[in-house]
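In the two complexes below, chain A is the common chain; its partner is chain B in one and chain C in the other.
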Partner chain A sequence: MAHYYDIDEIIVEEELVSAVFQKAANGVGILDPSAETNSVEQGSKVELPFWLAHELLQRQAVTINVPACFNQKTRKEIQADAPCVDLRSRCPYFYELGCKLAPLVGDRTIGSLLLQAFLSRYKEVLSKAHTAASTPVPKVLTILTKEETNLYETAQSSMAAFKKWRMGGPRFQRASVLGRKRKPTD
Partner chain B sequence: MYGRRACQLVKELSSAEKGQLTGFNSDMFDQVVKECSTHYLELQSLMRKIQEEGMDIQTTRNADHFGMVIHHLSLMRNKRCLMAYVYNRAEIIRNLRWKIGPVLPQEIHEKLSYSEEEYFKNHSTALESYMSELELDLTVDMVPPKDPYIQVRVLDDIGEVLLSDQSANLARHSMHFLKRIDAEQFISQGLMEELTG
Partner chain C sequence: MAGQSDPHISLFSAQEVEFLGEDEMVEIVPNMRMDPLNLICGDFGPFRPQIATQVPLWLAVALKKRGKCTIRPPEWMSVEKLTQVLEAERNSLREFQPLPFHYVEIARLLSDHARDDIPDVYMVRSLIEDIRDVRFHKVETGLETIHERTHAVKLKNLSAMEANIVRPFVVRALQAFYKHDSPEMIPQPDTTAIRRRQAADRGPKRDRRY
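The block that comes next holds the complex of A and B.
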């Protein structure tokens, strides 16, 4: 139940993966931009969203190739210096997509790649979160995936809560759903 | 088509700031519902094609079958996105009653659809009838209290108000020493702020 309504799950599954059709399919020609008729030919290579590719794989209608964000170039960069790799531009849901793909693609090295990347990066993320000021936005934020950004923001808010507890301060807050305070008109 | 627009609808929710409500995008919502009808019609025409060719609908695995499968999956995906959109907004709306109180400011009214406003009213009524049975106001003391009284400064003109232990003239910039449970509602609506130190 928790997965069905989860917004991040839905957005992760929309990421495109490259799939080769093992069987033809009629009436869905829009999926393949190079199709001449309203159908996808057997053997054609199409970019499909993950949710569709996953279901069709289970019905043995397609095979899935590993997407570009897990290719050799990215792997070398991660081995060289993981905290500096711009994972957000490769794939903002790097870890989530990798976890979902690993059992489907038959590539055993994806799991260890994800682990290695995360281990090297999370230390940077946490140390920057605890020491950096909130403005200007540190450069590290622009290269983080969604999961790492959540980690960063959680660390920052826990740091802020700790400081507030130490200093004391107003414990009642304006309801956050009301948005930014307008300037009082004089 | 094929779930792309439905996913855009869901992305609107994720791109808003945490806990903030965006306007109900009824145009996109209706478009996604129309796409569901389109997928269903395509599904039916492919099904008729299989039946006309005299093949068994349950066991055939030809190109028409896979076309049907893709349309069906797109329909389910659209349904999931629509449900998630409504479900996550409903969660925020439920919290509104606890944070702001039974009366919503205009800026929030504009962001809700008609059925969402009904939902808020019904939730509010259910909560109030429960609280009156218990004779207890559950929406105060959301932060554990340290003191029964706090110092506040008024930010917006509220006027003469009868509170539980006193009657006060809440003019702008005036400072008062009020009971917590009275002040809590005003603070969360942004009409007062707590003074410390």
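The block that comes next holds the complex of A and C.
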């Protein structure tokens, strides 16, 4: 369970997925905005966070539908021109959510969709990552998911560190605690 | 994966790689007389004026700063040799030329501290920069070709500093590719459920990119 404390994993599981209740549930009417009483009817469709839907699925209380970010429209866009698809506005955790959903939903094509999308976007990320100047933020940065942004920032920061080293500068830096003069106590 | 959200996954900073590079031996010509130095890493023999000795780079730089020696540049650091290397790098599109492992660090230290000991120091410095650019560009083009099923990436003759720059990116990218390509994600022809951990014994299909 090394992922239990990982912040990104926790945030991924907050993403909403749509689920259809198989049994009626009492006392949780807050989940369904259209419920009159404080309960959810069988067969009603609600948006649940992933961690809740996952647990309920294991108890066979809901079935999960594929969320909107994996629908046909997105798929077509990815097949057409993957590096330009704005995945961040759809779902900033596109890949992670897909990885978690794939065994649950029973849709076998999610895996290859993710792979194909990642492969073509990876080339774009790579070409921009190491060489782009830091000040004008390239447009591609705004459409990357969190995972791709990590990759990009990693390359950027290591390149920036190298450049800074190359510029030279003092080998030893004065420790910050020594900076201030102590007031003479008298 | 734990640590996935940390962008500072590189294990060595540039200063640390430089520190490791200072262990390389260079030749100095001392201008004073000193007894042998018995250090943990070795004994560096009696220093007599005008007799060349081999010492580690850190010791050479320290002596140079005190004005006690002149550093002789290593033999790969001449204008002719570097021009040859640059030509060879430009001609071969995939391979890297053999260069000392720490050439970037050695070149920087020597040009900072021993500028007057190197003939044509500006030419040497610009040649090394060019070589570095060409090699890094090759690394990038090489990385574009990795795809799924790549278990390892092998880059021959890569130097320490270059490896340090690309290390976090390559590690992350390979992790991501592995995660997306595990057998759970891509349905296999046989329908038996395969656990993710057993992807290691996937057979001898090892795909290496040179």
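We adopt the following convention: the second predicted complex is superposed on the first by the 166 of 186 C-alpha atoms of A that agree within 3 Å, B and C clash if a C-alpha of one lies under 4 Å from a C-alpha of the other, contacts with A are read in each partner's own complex, and residues count from 1 in each chain.
By our rule, a contact is a pair of C-beta atoms (placed from the backbone, for glycine too) under 8 Å apart; a residue touches a chain by one contact, two chains touch by 3 or more.
Just so you know, these numbers come straight off a predicted model, no measurement behind them.
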| item | value |
| --- | --- |
| Touching partner for A:A61 - first (chain B), second (chain C), both, neither | first |
| Partner chain in contact with A:W51 - chain B first, chain C second, else both or neither | first |
| First, second, both or neither for A:I7, with chain B first and chain C second | both |
| A:L104 touches, of chain B and chain C: first, second, both or neither? | neither |
| Touching partner for A:R166 - first (chain B), second (chain C), both, neither | second |
| First (chain B), second (chain C), both or neither touched by A:L16 | neither |
| Partner chain(s) touched by A:N26 [first = chain B, second = chain C, both, neither] | first |
| First (chain B), second (chain C), both or neither touched by A:C84 | neither |
| Residues of chain A contacting chain B in one complex and chain C in the other | 5-8, 168, 171 |
| Residue numbers on chain C that touch chain A, as the complex places them | 1-2, 4-5, 7-10, 13-15, 18, 108, 112, 136, 140, 143-144, 147-148, 161, 164-169, 172-173, 176-177, 179-181, 184-187 |
| Residues on chain A engaged by chain B in the complex (per definition of touch) | 4-8, 10-11, 14, 23-28, 30-31, 39, 49, 51-52, 55-56, 59, 61, 168-179, 181, 184 |
| Touching residues (chain side chain B, partner chain A) in the complex | 1-4, 7, 10-11, 13-14, 18-21, 42, 45-46, 49, 61, 63-64, 66-71, 73-74, 77, 80-81, 83-84, 87-88, 92, 95-96, 99-100, 105, 107-108, 143, 146, 150, 155-156, 172, 183-184, 187-190, 193-197 |
| Residue ranges of chain A in contact with chain C within the complex | 2-3, 5-8, 95, 99, 102-103, 108, 110-112, 114-115, 118-119, 122-123, 126-127, 129-131, 147, 150-151, 153-155, 157-159, 161-162, 164-166, 168, 171 |
